[in-house]
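Scrolling down, you'll hit the structures one after another.
Okay, so chain A shows up in both of these, paired with chain B first and chain C after.
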Partner chain A sequence: MNILSTGEKGSRHLLMGNEAIARGALEGGISVAAGYPGTPSSEIIESLAKISKDHHLYVEWSTNEKVAMEVAAAASFARLRSICVLKQNGLNVASDFLLHLAGSGVRGGMVIIPCDDPGALSSINEGDTRHFARLLEIPLLEPGDFQEAKDMTKWALELSEELQTVIMMRSVTRLSHASGSVVLGDLPEFGAKAEFRHEGFLLDPNEGIVSSAPVEIKHSQQQEKVKKAVEKFETSPFNTYTGPESPELLVITSSACNLYSREAINILDVKDRVGILKLGTTWPLPEKLVAEHLKKCEKILIVEEVIPFMEENLKMLAQELAPQIGQKTLMGKRDGYLPMVNELNPDLVINAISKILGIEYQAVPEEYATGTLQKTFFGAPVREWIFCPGCPHRASYWSINQVLKLDNNQGFVCGDIGCYTIGTLPSGFSTLKTLHSMGSGTGIASGFGKLKPFGMKQPVLSVCGDSTFFHAAMPALVNAVHNKSDITMVVLDNSGTAMTGFQPHPGLEANAEGNDAIKLDIKSVCESMGAYVKESDPFDLDNTREVLFEMLEKKDGVKVLILRQICALSPEKKGKKMFEMAVDESRCKGEKCGCNRLCTRIFRCPGLFWNKEKGTSKIDEAICAGCGICSEICPIGAISKKEVTQ
Partner chain B sequence: MEILGSKELMEQVRSKGLCTTCGACVDICPYHQSHKGRIALTFDCDIAQGQCFAVCPQTEFDANELSELMFQVPFQNLPLGHYRSVKSAKATDKIIKGNFQNGGTVSALMMFALEEKWIDSAVLTGSKELVPEPVMADSSEDIAKCGTTKYMATPTLSLVNKSAREGRKKLGVVGTGCQMKASASIRSNPMNKDEYKDAIALSLGLFCTWSLDTREFLDYLKSRVGREQVISMDVPPPPAEIFVIKTENGELELPLSEIREMTQEACATCPDMTAEWADVSVGAFEGKPGWNTVIIRSQKGEEWVNAAVEAGYLVLDDLPDESLDHLIQGAGNKKKRADNAKHEEVQ
Partner chain C sequence: MKDRIKYDPYNLIITGVGGQGNVMASRVLGNIFSAKGYTVTIGETFGASQRGGSVMSHLRISSESVLSPQIAKGQAHLIVALEPTEALRVLSGYGNENVKILCNKRPIYSGGVISGEQTYPEMDQLQEWICEYAGEVWFIDATDEALSRMKNPIFGNIIMLGALAATGSVPLEREDFEAVIEKSLPESKIGINLEAYDLGYAMIAEN
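Then we have the complex of A and B:
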């Protein structure tokens, strides 16, 4: 039973924000959904993929976000409704196409759903995608709770189709991943027919060609659409005011900050002093609505996450309105009431409001704060970012690191985003030396590999995952091959988009919907590009090391080593041990000369721990994945492995 | 002498360019490893006292202690080091003919020691596609394959450590001066480790004036001989000043000065031409082609040479006085050059 699929109109359910968005897309009558996995966005596509058959949907995990956007746009051009889902970084990837799409306009309703990650809870940046709305000149919506997440998705699809412009609806981690109560709406009959009309008059938005040129005409058309959107926003039910007629302080907020602001006002018990204008339509701002509320009081606090996007827009608007409503004081991030980094929470909002209103209130009493800090510092075990027990990346980095050190020419590795990002940290032996966006490790390596004429003698390596290979590393590889850059690219192929939850990618036999798909062989792809390619199992340390040395020895051109071993957490592997591991305590050298705790001090698989009393290592039976690598690295063979017969 | 750890070994020796690539620190543990003639530290080790520091020929050592251990006499700073006698020698037809240079004395002594069970295995330097590498010889056939001089720095002693870990005993070790000094230290077992007790039974030193940086020389070799198979390399006696490379297509003569430039840094300050800390040292006999000069140093070394002669592996002859004077002068000059180089370094 899948609530998203079968939940009846009027019934109330506890839904995750992403599920609410998926249901909203269904209620909005989408036919196509495409995206690229990325926390916190992934569950939207996953939820829809599960029920695609029952709702006559086409759901796709695309090769990357730009392609996902193009796939969703094609559906719209064929007069179907579609959504494109991605995380904040993904919008950057898709933005080149988007700038064109904003100009060309759409036919069927199309909504882009970026899920931002304020605080970078599962990212290495906290990019704020709202800026793209202004850059692209497309309407921006932000749901303020779980019910809105569903309802707004449906409305956004309708509005997009009506205005013939793509619309952006931004979610954030706390909305996407938290759950709340949602009353379901109706599911439409499906049966939309796809047809792309292109024989009409050049500039006909429904029958002509789809293009952002001629730019002057299309650009002004687009700006007209945005103006129409603002008219709709003026009366949108997603913009609400709660509070007294003449508040002392007006909080203007959106998204998950709506929930924090409401909680803060409740805790401070200032409902009769502070009003909340919750905006669901955040760019462009509905001027008349805003003017009406700005009139209500002198002090305004803007509560939003990361960058002062709304604050800046509101300040501009307030300045324009000043002759009519008088000069107002707008507070927020620029004056330091709220931070410009990290996510917000009710405590931070309480601090800002109490400061402005002169209320003595400590959201977190100092005694409590230091107390908990002390307790967690001394009481909780130190936890760092590490590879899981049995992770093939640990073995891969072990070999890469050893080879580079033995080669002794200050070789280094450029990397990107994936679990293997941990290669920058001790768990990956600090092997990664540059870390940027997907595929950029290989692009950067390609550049380093051309610096020989400037005296660079260091071997240059890059790493990328299997999904990343298809996502963005292929053009970098093409570049390196074509320009005769001297690099060794290591593809850490763990057979899935592991970090985000094993979504399929073009190197696998199944697609998002679980149907047969064409599997692209990374080795053949690289070979056809003209690279020198070898494969190895990272768990075969000797062979991997030998091949890596061979590649470093082959100085000229592009070498690709594919290290293939399924992720330890993959459904196929989970819970199944290849080997039963044991430490022979009588042989373990422990801290003595000749070892000095190589396995627990350097290799640091959590499946091994240091028994201080005995001065020996020990296998943690509960979490050891039985990969067997520690027995290979133990210098005196004190760790044994016994093959497990399945 | 105070034994310190890996950190100090890096500070006092390797980072100062004083590492001779002897291999005594390699493979004791996972931290000091070698690849293609270079030794690298794979990860930091924070142990206060380590075998790596204790046996390194370039850390501070107690010469008297080591001299007592090897020769039962206090240390005297002599040009040739301590010795009982100096002879000339060559192998007889009894031994398997290998690719050896000069008189084949090294091969003969090692084959005798192995066949007559004075040692269980021999640690030698062989090569794989020109890259010199440590070789464990368990038979005379294995020894015969390692006869030629490599001229490149090779961490041969790493094999002593590997063998010790595997529990092997009674090794015979062949190596240059730095390797003999390290071997003597290993025999003294400074860390009192079970695995090194009786690990080395015999050590045979090779005369050495310099060792080339393996990687640099291999690149040079590749540029000079290309894909031709190198059969052997030789430095003919002075005043030739040439380096001869014998390949399948004939001989190639290269200026010795060009070769010497690739000498590894540490050799400049090495005072030991004749491998003073060995049981027996062997070098070319410059006045008599086809013969070697043999310096018999320890009592065990004397017994070993005599037994090899008795068993018919080796023939001995006296060394003319002027040859001995010449050798002493050569060894003395190396000590002077080393002193000067050290002095320059300090300045």
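Then we have the complex of A and C:
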């Protein structure tokens, strides 16, 4: 039984924010959903893919976010409703197309749903996508709780269709990956027909061509649409005020910060002193509504994540309104009441409100706070990210590192985003020396590889995952081949988009809906581009090292090594051991061995730890995945592997 | 609502290390209290944290409204720790002198401990510290029991839920658990999960 599919109107369920958005999209009558996996957004597409057959949907994991946006836009041009889902990084990827889509307008309702990650809980940046709404000049919505996540998705689709503009609805990790109570609405009848009309008058929004040119006309039309959106925003039920008639302090907030602000006001017990204006429509601001509330008091605190986006817009508006409502004091991030980096939480809001109102607040007695902090410092070692037991990346990096060290020419590796990002950390043997966006490792390597005339002699390598290969590394590889850049690209192929939950990609035989798909072979793709290509199993350390050496010796041109071994968390492998591992305590010499505990000090697999009392390494049977690699790295063969018969 | 929570909202934190079944445990508990008619909010930190990082779920059980997915400092009523150093870590953020703790004793070593750069505390010392800063504490060997009795460490989280029921801290009955897993798990997995639950219950009830 799937609640998203079968849940009846009026029934109440505990839904994850992303599930609530998926249900909202169903209630809003979508026909098409496309996206590229990225935490915290992935469950929206995953949830819809599972029920696509029952609801006559087409759900796609696209090659990258720009293509996903184009796929969703095509549905809209054919008068169907659609959503495009991505994480904050993805909106950057899609932005080139979006700038044009904002100008061309849409036909069927189309909503883009970026899920931001304030605090970078699962990212290497905390980009604030709200700025894109202003840059692209499209309406921006932000749900303030789980019920709104559902209801607002539906409304956004309707509004988009009515105004014929794409609409952005921004979620954040603490809504997308949190769960709360949601009352379901009606599911519409499906049966929308797709038809793309293109033979009418050139500028006819429903019958002409779809284009952002002629720019002057289309840009003016776009701005008219935004104005109409603001009129709707003025009376939107997603903008609410809670608090006294004349508060001492007005909090203006949105998104998850709405929940933090409410919590802070409850804990400080200042409901009769502080009011909350929760905005669900955050760009452009509904001016009349905001003016009405700004009138209420002199002090205003803006609570939002990450960059002071609303704060700046509100300050501009307050300045324009000053002749009518008087000069107000707007506080927030720019004056330091709230931090400019990282996610917020109830305590940060408590801190800001108590400072403004002059309230003394202490969560726990001083001695408790310092006592637990000290004990945690000594007693709870910080956990860095580490490859899972049985992860092929650990073996791949082990070989790459060894080869670069033995080659001894200060060779280095450029990386990008995926589980293999851990290659920047000690648990990835600090192999990666540059780390940027999807596919960037290979693009940067392509540039490094052309620096020989300037005296650069170091070997240049890049790594990228299999999903990333198709997402953004292919153009970089084309560039490197075409320009005869001297690089070695290592494709860490673990047969899925592992970091985000093992979603399929173009290198696999099934698509998001589980249907047959055409598998593109990475090796053939690279060969057809003209690269020198070899494959190896990263668990075969000897062969991998040998091929890598060969590639480093082969000067000039692009070499590609595909290291193929399926992810340890994949459904095929999870919970199944290839080998039963054991450490022979009589043979392990521990710290007295010349290796000085190579297996635990450097290799850092969670399944193999140092037994201090015995002075030997030891397998943790609850954690070991049985990949067998540690037996290969022990110089005296003290770690044994016994094949497990399934 | 026949069974009453002792505080409203009741703030429960489930903590552990990626891969221990933290998220599954919080979903099951959330669904149980939701089915009882409470308004439940769950905040979860997962994603990259699955790669050996600390994982934490904040469960807020209320008779009234949806709440912040992050509990404020010092506001936890109960901490269920699937790993003992994680209990200590959560205490320093969300603990208070009255907080109750149910703690699995099986350590999971961080990369730094495995490599020798960090030291994992002695278990006696760790237990002493946890007790010093909590109101009521239960320690059990959930993972060891899962390994020895059920031959699979993954049942540690369900053993902990059974144990949680036996502490009487929150209104949680075997039939609540059964009803929720019947909806979310395949039929073949129901029996073994109930077995794990009962094992956990007995570990507290029989001591």
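Miscellaneous remarks
To be clear about the criterion, the second predicted complex is superposed on the first by the 637 of 646 C-alpha atoms of A that agree within 3 Å, B and C clash if a C-alpha of one lies under 4 Å from a C-alpha of the other, contacts with A are read in each partner's own complex, and residues count from 1 in each chain.
Everything that follows uses one rule, which is that a residue touches a chain if its C-beta (ideal position, glycine included) is under 8 Å from a C-beta of that chain, and two chains touch if they have at least 3 such contacts.
Remember, it's a predicted structure, so these values are computed and weren't measured experimentally.
Overlay on chain A: chain B and chain C fit together in the combined arrangement.
With both structures placed on the common chain, the touch criterion links A:T372 to chain C but leaves chain B unconnected. Contacts of A:Q402 after superposition on the shared chain: chain B is touched, whereas chain C is not. More residues of chain A are in touch with C than with the other of chain B and chain C. Rounded to the nearest 10, the angle at the Cα centre of chain A between the centres of chain B and chain C is 90 degrees. By the touch criterion defined above, A:H13 lies against chain C but remains apart from chain B after alignment on the C-alpha atoms of chain A.
By the touch criterion defined above, A:G358 lies against neither chain B nor chain C after alignment on the C-alpha atoms of chain A.
Of the two partner chains, chain C is the only one that A:R262 touches; chain B does not reach it.
When both complexes are overlaid on chain A, the residue A:I636 reaches chain B alone and has no touch with chain C. Within the superposed three-chain model, A:I602 lies in touch with chain B and with chain C [touch as defined at top].
In the superposition on chain A, A:W385 contacts chain C only, with no contact to chain B. Following the chain A superposition, chain B and chain C show a smallest Cα-Cα distance of 12 angstrom. With the contact threshold set out at the top, residues 602 of chain A are in contact with chain B in one structure and with chain C in the other.
Note for the complex: chain B touches chain A at residues 28-31, 33-35, 38, 40-43, 45-47, 49-52, 165, 191, 193. Partner chain B is touched in their complex by these residues of chain A: 401-402, 405-408, 429, 549, 591-596, 598, 602, 633, 635-636. On the side of chain C, the complex with chain A involves touching residues 17, 19, 27, 30-31, 34, 39-54, 66-75, 85-86, 88-89, 91-92, 95-97, 106, 108-116, 118-121, 125-126, 129, 132-133, 143, 147, 152-154, 183. Within the complex formed with chain C, the chain A residues making contact are 1, 12-14, 39-40, 121-123, 145-147, 173-175, 177-181, 256, 259-260, 262-264, 267, 345-347, 350, 363-365, 368-369, 371-373, 375-376, 378-388, 419, 422, 425-427, 499, 575, 597, 600-602, 604-606, 608-610, 620-623.
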